[in-house]
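Both of the next two complexes hold chain A, though its partner changes from chain B to chain C.
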Partner chain A sequence: MTKMPYTPTRRQLLAMIGQVAGAGAMYQAMTSLGFAAESGYTAEPGLQGPRQGRRVLILGAGIAGMAAAYEMRRAGYEVKILEYQNRHGGRCLTMRGGDRYTEMGGHEITCDFEGDGFFNPGPWRLPVHHRAVFDYCRKLGVPLQPFIIKNNRAFLHSSRAFGGKPQRIGHVEKDMRGHVAELLAKSLHQGGLDEAVSIEDRERLLEGLRDWGVLDRRDRYRASDDVGGVRGWDIHPGGGLMAEKSPSQPIDLSPLLQSGLWDQLFNFNSYTFEAPMFEPVGGMDAITDAFAREVSEVIQFNARVTRIAQGDGGVTVTYADGDQGGMVREEAADWCICTIPLSVLVQLDVDCSDEMRQAIGAVPYASAFKVALEFRRRFWEQDDWIMGGVSYTDLPLVQIAYPNYGFMSDGPAVLQAAYDTATGGRNFTYSWSTMTPQERIDAALAFGRQIHPQYDAEFMSGTSWVWHRVDWSLGCYGQWTDDLRDAHYKTLCEIDNRLVLAGEHCSHIPAWLEGSLLSALDAIKRLDQRENA
Partner chain B sequence: MFRNILWAGLALTLLATNVTSQEARFSAEPQRSDAATETLLQRFSEHPDHFTQTDGAALYQTTCQACHMEDGEGGAGAGAHPPLARNPKLNSRHFLAGVILTGYHGMPHFGTMMSDEQVAAVTNYVRSHFGNDYPDPITPGEVAHLRPPDDH
Partner chain C sequence: MTKMPYTPTRRQLLAMIGQVAGAGAMYQAMTSLGFAAESGYTAEPGLQGPRQGRRVLILGAGIAGMAAAYEMRRAGYEVKILEYQNRHGGRCLTMRGGDRYTEMGGHEITCDFEGDGFFNPGPWRLPVHHRAVFDYCRKLGVPLQPFIIKNNRAFLHSSRAFGGKPQRIGHVEKDMRGHVAELLAKSLHQGGLDEAVSIEDRERLLEGLRDWGVLDRRDRYRASDDVGGVRGWDIHPGGGLMAEKSPSQPIDLSPLLQSGLWDQLFNFNSYTFEAPMFEPVGGMDAITDAFAREVSEVIQFNARVTRIAQGDGGVTVTYADGDQGGMVREEAADWCICTIPLSVLVQLDVDCSDEMRQAIGAVPYASAFKVALEFRRRFWEQDDWIMGGVSYTDLPLVQIAYPNYGFMSDGPAVLQAAYDTATGGRNFTYSWSTMTPQERIDAALAFGRQIHPQYDAEFMSGTSWVWHRVDWSLGCYGQWTDDLRDAHYKTLCEIDNRLVLAGEHCSHIPAWLEGSLLSALDAIKRLDQRENA
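After this line comes the complex of A and B, so read on.
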């Protein structure tokens, strides 16, 4: 590849941004460069259907497999799904009190929540531009509720700044805005931007900065009643003869810059995490349960696929039938839609082109983990007035997400107390993944009490999930890079004789339900076209 | 680092000028993390961008152990994490170091988060534990030669 001077590749550009502005800015830039592009969904696939009886075998009863089954059956195809687990839903799942899961290595994850709180180990929030997910929620009757992605009362925390005392998101954001407005105004006054901004625009810009940054008459960002009305009060305006209101004090620019909290603010900046976001009422599995209501009679559970054989006339899949003591059985069909994660598929005996085999083996699966903790009371609401949303920290727990339901109710409630994926570029998720379920809870408590000291008095029980210790996914999601996509993505998605792959790994929206759905819809559309060619 | 931060954080919370009544209430009797928890927290690197552990065992316990487990036996089900115990592929020190550097199938790469010395240390740890007893340790210099050209 020829490199022109001063035109860095996307990867070089990202590396530069990462060095200058930190990982948060790099991730933001990744989003800008299309790593998390707008969903291409327009409407349901509109399949023609087969001209004669056609059988489609679908491997995996996650959202991609079930959506493919749902649409192909409606179009007149005969469909069967083979699923390894004894449950549908794949990586879209919800844990509630009483649930148990034995992970690889033999440790049992227990969930002993006593209240109605729940924990989504996989997908847990829906961007509004993920139109396919929303459209299926509408069609299949899945009630949604707002997911508070950004709560100005939630915290940004650095163990190295402000004595470890968490700061409010709104304070960091508004103080940065005020300081930047003051600096820009100063520069305009000193003629520093005369070449960039015309005289007329300069005046408009100054007027705007005064409102935007709440600057005083000398164009400074200082505590005042006006600033209090924007960033809040030390003494709130009251009633009757209550104490006179007093505005809160902005944080100075230098400590704010040095704290790194500005970087954490970028977590809320990307299009993917734009407010409002949504979630299904009662847990993310409401979405996959809704699909299962439509297709459950064609799902065979406890079927461990070992071989996918292809001939010109069709496909034959060999599987161990767990309901029959592991008896080896075969299932023949005209087409096979395989949604098995690549990390597992690469270990199976699959007839396909050499190029596709290379593609299947080329994509690493990202590390991701979560810990959820149940507490006796909603201290984050009662003490800190954090009603939903997400706090971020530089501690290895990375983020704490507050429930967006049951506000101000008495009794136990569940926090998503630690979560990270490899996409953020941090190595913490690998270390969490090495821990036993009990160790993860211990670590989440040890870190979390630095942000919420109430942890110790209020803790009841915890649960967790480590995607690399799940034998049916061996990791969380396909961790694509530009180079890998250039080399393998198209091949991976193409129909190989009688076989086509689908799932989040066959999408430009990896790890998201929308990516799985779009991949499935696109795959069945192409199969249907091939069938009718 | 996090061990120190734990204590520094508690001390500073008490000293901070606008401690709220809640924070004061709970900080008055800090729940001391026991020795086991402190050891556990050392599992985390001191830097999110690269691993700061240098010892082969410590590096194994904060990365490889996630999939290959405490005893190197890996795990199996629908798919498998291969065992490192009695695995004949470890016969080649270059193979193992190369897999750590660049990943293999679904396994992510660690080359950008570990130095040549760290990759050598964890390679040599795996090849001398879990029943493995290979006599030929890899050197950091050899690891450097295995790195893909665009690493670092």
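After this line comes the complex of A and C, so read on.
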């Protein structure tokens, strides 16, 4: 195709339609091979179903167990779920005003939120490429809304830089971009990269760097109206005869590098946290509630499994029935799908191969904590114009997440005021886990007011969650390493006679609902194939 | 403060609370001076009100006219609005199934959407820093929801690159970042920038570039699991024993530069389009409807103003009353606030200074068009996993915007399938403006199927809007240049005896609701001061 004219006439424009028709046909042929195959997930698990009446016992009514039950029943299997708690959903849960939980150690966690804010102690956001989660939300009627992961007006904060004053994410991002563009342009002008970049590419690159980095005529990144139009204004453009606009001042390269704030920005760098993300309307438990609507009649609550026995003829699971005063009962089935966290399963009496037993005991569970605080008003929106998103800090609260619902509303609202998991370089999770519930709230307030001084005046109440103090999970998620995966992952996922494990620990997406779902779908697919072999 | 220990104990962590208390007090003193002053907008216009009964005549029931009426009435002025159309809202309007509009040239625009999708021909998204808009939405009870402006899974498309295959925004962004990081790292290693960057900064910069650009151990940007974790996967990590993950392949620097897609990415670069943006739930007219609820009793519709006369004693406006068969009537007042677009106002008989008359005639109005198409299903979500956001192309449709509501729902949905204004380097607006409504739909389909081949199978109906064919605006917005501003802006905004102009054309934020609002608020403030001088 020829280069587009600056302002095509109507006739020229209509003529273009014919010219592009061929390209469309070509791309059409490509697209069916292209994007669809990215995820191993398929909308239908394609189970054949049992050849005769077959009973499947599922241990755990979290998302993996409920999804397995849902699909196995659809395929014609008889299904029963045994669940230790008196609730479904597992680690996917939402706390609201009035909720109580007694954690290990005996402290009671209280949640006294007065408004309609809520708190997701476990999963709290959905990447768009987690197709199984999205597809089940669609099938089961769970409405989704955007979860703002990157808000350029939210803060990056270092207690050791800029006098403790938080900086806007957009400022750090655009200033580093400007400095990088200026340095690379300088290098291109000096001829230092002549071997790496052709003359033609060099000119294109320079042209691009000028726009991308907002460089001036001398290829420098300096305060100007152009930079104001990209990073923002000290005085915004106004109406009528309001004060003249004034561009904001970029942060110099050296203090920016020393502040460490550029590194904090990389929290938004991964594909997992790519914008946009989503969340169910009203709390994450909307997803597990939707599954429960489909399978609740086959869930037996308050069933504490103590032993999984199996032979060639089937499995027998022994459990203490909490609804019958702890009476020991047995349940027999042809197959067993066990979604109990490895941290708990390792303590049970399980008939399986030595290799699987080693695998069950090999995977440590990650530590994680969260604190949520309710405030009288949305000062982050009203004072700081932060509408949703996440701020990061080097303080031990690590991150503050703003609600992505009820924007601009009056009345109380809830911040996820502290959250970390034991995966990064720093690890604050153990020290938070050893605090009492009240100490956690006090600490979240004391650190948080460095970023939002309005905390003191507006605080109402707080709550928290520490995954290593939860008796039914004993940690947050399976913390795999490459070495552990090489040694144990395949064994852990394989069908062991009549038993197969499922859950986020049996996936390459640990800690995420998608990992649980894909693990369950893959397990039942293989189990169904074995049944029909 | 000392460097944070790797894993602080509970005691150490609690001790930190005391250490940071001082910094908090300091920042608290800073914050009251800091962010609040960014916008010249103040939540209360602070009008003193008239010293005696004063009548204000407002021309135009768009957002500027209605906001002026709302605030003037609150301050005690007697207000009347004359509106040319039989509806309020001006250029802030929303089209839904059943709407009809006869444009200049005689063609009838039909909108036959069958689902609950809608189409905003004018403003369609709100930057968070447009504080006046947000504040009025809050005061008047207009719920807002996120408008996804940048979706990394949406497309950048060049008909002349990659065989016409659209590329993901996130891929282009992350690949350019990787290549830039690699080149700058190479230059730093070569010592080419030793004069520009200190040794200390150089090490920090290199370390940052490795994370930011996902460079390998030899500081190169190459396909790897690390790069997969940032730009995405050909085969995503799965669950159980699903196929092994496989990282996607970066696009090389040279074809990327030649494609021009990096330049398209700069559409998201400006402060105005910074994430997150917002939109009212249910269509942009929710905002103007909210104003109308406050002022509808003072609006006279179907009033075509022909003359604005003024003397020292007041103003007299002559208009043809469409409700009375076009009867010529007069309306007298102490002050007149005129929000009629300059493109229309220049044709009326207006008593004002020669300088203001010149200013009124000096500002051309920008051309702009939009086409909206309804489809049977959300194929962009279901097939391409694009949930909201905007795709850009070099084809004359320029951009495709996906709905940011009703995610994952079944049934029909509406795309804003073509949109451009006459501000960029290329200008397709005039040729679209000369097409018939049917031709515009045909063209949007013909170009759009290059990006979404599903268009043909899923198309239901389309509609369009061409601002130069609208008799009450004769163009989209005041297209100022720096020279025009120097010559005419101040005169245009100043009070001319008993007359003051307002609207987006009297602002430094043309085309945006915020410009209209700030212009109106500034005009009434000065008028109130004149009243009380």
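The rule we apply is simple: the second predicted complex is superposed on the first by the 493 of 533 C-alpha atoms of A that agree within 3 Å, B and C clash if a C-alpha of one lies under 4 Å from a C-alpha of the other, contacts with A are read in each partner's own complex, and residues count from 1 in each chain.
Quick note on the criterion: a contact is a pair of C-beta atoms (placed from the backbone, for glycine too) under 8 Å apart; a residue touches a chain by one contact, two chains touch by 3 or more.
Source: prediction; values computed, not measured.
Participant: Should chain B and chain C be called a clash or a fit once both complexes are overlaid on chain A?
Facilitator: clash
Participant: In the overlaid three-chain picture, which partner chain does A:Val298 touch, first (chain B) or second (chain C), both, or neither?
Facilitator: neither
Participant: Given the touch rule stated above, what does A:Met104 touch, chain B (first), chain C (second), both, or neither?
Facilitator: After superposition on chain A, A:Met104 lies in contact with chain B alone.
Participant: Output check: A:Leu205 vs chain B and chain C. Expected answer is one of first, second, both, neither. What do you get?
Facilitator: The answer is second: A:Leu205 touches chain C but not chain B.
Participant: Identify the partner contact of A:Leu342: answer first if only chain B is touched, second if only chain C is, both if each is, neither if none is.
Facilitator: A:Leu342 contacts chain B only, not chain C.
Participant: In the superposed arrangement, does A:Pro146 touch chain B (first), chain C (second), both or neither?
Facilitator: The answer is second: A:Pro146 touches chain C but not chain B.
Participant: Let me test your reading of the model: by the given contact rule, A:Thr434 touches which partner, first (chain B), second (chain C), both or neither?
Facilitator: both
Participant: Specify the partner with more touching residues on chain A, choosing between chain B and chain C.
Facilitator: In the superposed model, C touches more residues of chain A.
Participant: Which partner does A:His468 reach: the first (chain B), the second (chain C), both, or neither?
Facilitator: First partner only, chain B.
Participant: Does chain B (first) or chain C (second) touch A:Trp262, or do both, or does neither?
Facilitator: second
Participant: Go through the superposed model and pick first if A:Ala457 touches only chain B, second if only chain C, both, or neither.
Facilitator: first
Participant: Would you mind listing the overlap between the chain B footprint and the chain C footprint on chain A?
Facilitator: Correct list for chain A: 23, 159-160, 163-165, 383-384, 394-396, 425-428, 430-431, 434-435, 439, 442-443, 446-447, 449-450, 453.
Participant: Mind listing the chain B positions that touch chain A in their complex?
Facilitator: Residue list for chain B touching chain A: 2, 5-6, 8-10, 12-13, 15-16, 20, 22-23, 26-27, 31, 33, 36-37, 40-41, 43-45, 47-51, 61-67, 69-70, 75-81, 103, 105-109, 113.
Participant: Quick one: in the complex, what on chain A touches chain B?
Facilitator: Listed in rising order, the residues are 23, 84, 104-106, 159-160, 162-165, 304, 340-344, 346-347, 361, 363-367, 379, 383-384, 394-396, 422, 425-428, 430-431, 433-435, 439, 442-443, 446-447, 449-450, 453-454, 456-457, 466, 468-469, 471-475, 479.
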